[in-house]
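One chain, chain A, links the two complexes that follow: it is found with chain B in the first and with chain C in the second.
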Partner chain A sequence: MHHKVVVVGGNRIPFAKAGGPYARASNHDMLTAALDGLVARAGLAGERLGEVAGGAVLKHPNDFNLTREAVLSSALAPETPACDLQQACATGLETTMYIANKIALGQLTNGIAAGVDSASDAPISVSDPLRRILLQASRARSAKERLAAFAKVRPAHLAPAAPRVAEPRTGLSMGDHQALTTTRWHIDRASQDELAAASHHRLGEAWGRGFFDDLVTPYLGVTRDAVLRPDTSVEKLGTLKPAFGGPDGTMTAGNSTPLSDGAAAVLLASEEWAAEHHLTPWARIVDAEVAAVDHPGGADLLLAPVGATGRLLARQGLTVDDIDLFEIHEAFASTVLATLKAWQDEDYCRALGLDGPIGTIDRDRLNVTGSSLAAGHPFAATGARIVPTLAKLLHERGPGTRGLISVCAAGGQGVVAILEAV
Partner chain B sequence: MARDVETFEALPAMGAAFARALVPSRATEARIPGHAVRVDGVAQDLDRFADYARVCGFTLRDAVPATWIHVLTFPLHVALLGDRRSSVRLVGAVHATNTMTMRRSVGVGERLSLEVHADNLRPHARGAMLDLVGRAEVEGETVWEGVSTYLATGMTAPGEAAAVEREPWEPVQPIARWRLPADLGRSYRRVSQDPNLIHTSRVAARAFGFARPIIHGMWTHARALAAVEGRLPEAHRADVAFLKPILLPATVGLAVSPNVEGLRLAVTTKDGAKPHVLMDVGPAR
Partner chain C sequence: MSIVEKAYYSPAGRKVAAKAGLAEPPRLRRGREFPHGPIVLAPLGSSNLVADALTLLGRAHEAPVVDAGADAPGYGDRIGALVVDATDVGTVAELEGLRAVLRPAVRGIERSGRIVLIARPSTGRGWEADAVARALDGINRTVAKELRGGATATLIYAHEGVEAGDLVSTLGFVLQGRSAFVDGQSWHIRHGGATVERLADRPLEGRVCVVTGAARGIGAAIARTLARDGATVVAVDIPAAGESLAAVANEIGGTALQLDITAHDAGARIAEHVAARGARIHAMVHNAGITRDKMLVNTDAARWASVLDVNLAAEMRINAVLLDPDVAGGMADDGRIVGVASTSGLAGNKGQTNYAASKAGVAGLVAAMAPDLAERGITANAVAPGFIETEMTARIPFVQREIFRRVNSLNQGGQPIDVAETIGYLVDPASQGVTGQVVRVCGQNMVGA
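Now for the complex of A and B:
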């Protein structure tokens, strides 16, 4: 990279369970709120920024220019351009890399990367046959033709289709796929519940010490992540019934992320721009890699980041021992646990083309302020939640400390990135 | 002189007061109540606010727009002019101009004290004019002020009517087109709780001389404010003149141009030939 790219701030609204306090808010509303909070904190009202990249996974057709429209509703200058990107659950990390790469190339000096999702305000579409009839009717040149089109409507066509978090090629939900991985990697129930409880406890502690005071802006009366249960325990989580994997399944609503609403944004800049704007650089973006596995050829749907992690570390001449903090997105507790096992598995890593196992890490370095199980997971927002969180954690630890982010995504994909405190 | 303040326990229900406000006044001499009406601890209903934001085109934010606080004070307008000490009736009075100032950003979670009094009764070439002066406070701090000026047509007030100077209108080129559906009056009634039938009933509209229902001026005001949301400083002001009602359904134009301190928005006929509503926005003074 030619220019050093630094994370100088971030903002999100507290995340909440779908159908909860943000049930009335749209992606546009939440993304605007996340942007405006960031703009207010960084003192950028009325400024023309280089670019804003954002996206949503569940998107209404008329939101084709979602991010640009949010910019126009925000306090940023209307001359700030924007674009929409989508990389499933890795969207917020992919938008970060899109802006970071442009800054690195000298095309931008600054920009905002963002993501938003509302599972509450998800688009409902009409059935495919009805959609074709409606299109035919709209093309009709006479009342007779229009009538002929409508005459084809059958009652079964009228059932609305809600979006499903299912893989188009397999028909399996994300949870169903992860249940296969959970079994394959022998992840037991107790370790999943322990990881989930730790996530809640750590996120609760971080809120308690004011860590999120400059990373979150209240929205619609919500001042703290509404999914968070700091008083949960392994015992309480142990009472929940399996949600995926059948009656003997180990994955529950407690160790899986809930459908969530929320938005997050990251402010990225060149060092010069940050200095001109009196913003403290927290960490620089070192490198990133996007990867995919053989899907639906039988590979674990959510383990694509493993290969990317190995290649990225090798490219940078680093090992896991050079990384101080790890942020592995908790799509499910068992995703994190399977990822850690895969990192240690020589055969698995060699099959990916790596020289050997990635390595073993100390849990004290993993998701130290909790992750998606406790915070919630508005799909596209998660990456933009993690980047500023990790950047600030690294900044607290001092220059040179490194962090690695691993985010799995639908379609058997994933994005991995390395940050280093400056 | 300190004004008497009648404090209500809660915002008055609009039904009864509105019924009284509907009864035509036989008086020709305009009289206004000297007291203020007030209600404390008003909680804002998030669901209703979300509906309001949708109907008017606002992004749903933590901070509420100035026009929303006007809507919250509206039951006090009705109560004040429905009072026996008032010979002016709200129904039939024409909302001529409106001025609002946000002193600071107000969150939807904040509890408000709302107070309204009538003031400045004066003669006008077509009747009597008066101001309904509103204020919203949060813990004693004034956060919002609003002055709604009404014309009670055919009524008299002491004094000589000042000559009204209307700025000449030059046709403009609209940069936006709004399509207002026939049921917009109903949608806005649901969120504003303004039950005036002139906005929803053809029969009632005819009784007041309109061929079709007309959209609430405060909807048009809110829609125009929403068009420039994000451009307004935290403390801002909006001055509006309601010049010509919009009959529903309608397609109207919006023209935006800079003015001395901020922006001038003109809601016009589709072609920009005639103005419906003019709004100037800028920093609070």
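Now for the complex of A and C:
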């Protein structure tokens, strides 16, 4: 990379469970709010930024230019260009890398990476047969032709098609897939509940000490992540019934992320631009790697980041011991636990083409301010939540400290990135 | 809106109210607008001080009509303002000069006109002179009560050594619509040392001003007004108010700092935010405040402590950090500290012992700080709002609210902008000679004199 890329700030709205306080907010509304909070914090009102990259996983057809439209609604200069990207749950991290790479190459001096998702306001479309009939009717040249088209409508066509969180190639939901992984890696219920409880406690503690004062801006009267239950416990979580994996399953609503609404944004800049704008660089973007696994062929759907982690560390000449903080996206508690086990598994790592196991890490270096189980997981927003959170944590720990982000995504994909405090 | 309130504001209700003496209150002149009619200058002696100040302000002035006989003469057209240079007045006999110029002026002044008296304070110039200085205060307060149509009266005590330049920002503020809701007040000016040759439209250009409680109401108005006057505003409010705070910051091109001012590191975080932007603070406006109203018999320790901590102690802790010259991002020399007191604090108010303590404390604090900060050119002043139309006062029951609105000389509640404009005047670099003062923005409220 030619230019050093630094994270100089971030903002998100508090995340909330789908159907909750943001039930009537659109992706456009939430993304605009996240951008406006960031603009206010950094004092960028009326500025023309280099580019804003954002995206949503669940997207209405009318939102074809979601991010650009949000920019136009925001306090940024209307001359700020934008584009939409999407890589499932890794979208927020991929938009970060898109902007970071452009800055590194000198194509931009600054930009915002963002992500947003509303599981409440998910698009509902008509069935394929009805869609074909409607299109035929709209092409009809006479009332007779139009009637002929509508005459083909059958009651079964009228059922709306909601988006499914299922893998098109396997027909399994993400939870079903993860249940297979949970069994395969022998992840027990207690360790999942412990991880979930720790996530809530750590996130609650971070809120309590004001850590999010400069990372979150309230929205629609919600002032704190609405999913967060700081008083939850392993005992309370232990009473929940299995949600995935059948009656003997170990995955519950408590150790799986809920469908969520929210938006997040990261301000990225070259060191020079940050200095000119009197913004304090928190951490630089060191490198990133994207990977995929053959989940139709039986691979663990959400373990693609393992290969990416191994290759990225090797490319940077680093080991897990050189990393001070880890952020592993908690799609499910068992995803994190399986990832940690995979990192230690020599055979698994060698099968991925790595030289050996990635290593073992101390839990007190992992998700130190909680993660998606406690915060919630609006798909595309999660990466843009983690990047500024980690950057600030590293900045607090001092120059040279490193952090690694691992985000799994639908389609058997994953993105991993390394940040270093400056 | 209650049924009573709806009925009151209906066309029929208005007519009834007008018959009952509750006439439509006058519309006040606001903003950087001077009086429309001529400014009349009445020097009661040989002093050129006020004449020179008006020249610096770029305002022409006319000679006064003087009442010499029993049949008072009048002005032909209405006048915009009467400015009396009474700095040479030192005897009881000389007070007749005031009567003689005030009588025609009070009769002939336009709506939202201004009567401004400039006099010497009681500072040991002899028994009679000091008595006369105080007599002027009585005259000012009474004239303010007798004026109609939104016209106001103000008394400025100019200490020995005050030059025309020291008066520019004050005279400009008082004459312009910015002082709309400041009535019957007096405050002091000393020689400030700054060279002032004109009234600036954007006096805060390139300066950083921090405003706490900026997310809504009076605080948002302060932030907007200081930004209008050129300042780069750091808008501070509690994290929970972040959404409206961000909107205010973006609207005025400032920055939003989500911060609980009672946090132990609040001062340090403000300084850090300013230092990161390579600046120091020109003005620190302590506007954030809370109420926890209860009659004293029901006031427990928690209600007592929270109000005093937010409204007074937090302000003192933040000042202590920002006034340390070694703190990057702290107060600049020639900076400005402004506290927000309240007429409740000055007069006392049932059910607000804690609040009154904190707000009177703010008034005491700026008076105490002023002499100690003079060496660095930093001024410390306070404004004391009376009844101001905000979301907070809109929650007062209608009848009570209407009474609060009416019990002042301007027959109405003030607007947040009126408080903001007064603060804008106090933080103006040209207001170097104004320190340790409490300016009430209350329309001469009947309480809290």
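Structure notes:
Here is the rule we use: the second predicted complex is superposed on the first by the 422 of 422 C-alpha atoms of A that agree within 3 Å, B and C clash if a C-alpha of one lies under 4 Å from a C-alpha of the other, contacts with A are read in each partner's own complex, and residues count from 1 in each chain.
Here, contacts are C-beta pairs under 8 Å (C-beta built on N, C-alpha and C of every residue); 3 or more make two chains touch, one makes a residue touch a chain.
Keep in mind that this is a model prediction, so the values were computed, not measured.
Superposition model on chain A: chain B and chain C are shown in a clashing arrangement.
In the superposition on chain A, contact is made by A:A42 with chain C only, not with chain B. Looking at the shared chain after the overlay, A:S73 reaches chain B, while chain C stays out of its contact range.
In the superposed pair of complexes, A:R24 makes contact with chain B only, with no contact to chain C. In the superposition on chain A, contact of A:A33 is made with both chain B and chain C.
By the touch criterion defined above, A:D214 lies against chain C but remains apart from chain B after alignment on the C-alpha atoms of chain A. Looking at the superposed arrangement, the partner reaching more residues of chain A, out of chain B and chain C, is C.
When the two complexes are overlaid on their common chain A, residue A:L279 makes contact with chain C while staying clear of chain B. Of 1-9, 127-135 or 181-189, the chain B stretch that intrudes into chain C once chain A is superposed is 1-9 (criterion: clashing C-alpha atoms). Residues 33, 36, 75, 217-221 of chain A touch chain B in one complex and chain C in the other. Of all the residues in chain A, the ones that touch chain B in their complex are 24-26, 28-29, 32-33, 36, 72-76, 78, 217-221. For chain C in complex with chain A, the residues that touch the partner chain are 232, 235, 239-243, 245-247, 249-260, 263, 276-279. Listing the residues of chain B that touch chain A in their complex gives 46-47, 50, 59-62, 108-109, 229-231.
Residues 33, 36-37, 39-43, 45-46, 75, 210, 212-214, 216-221, 223, 278-280 of chain A are the ones that touch chain C when the two sit in their complex.
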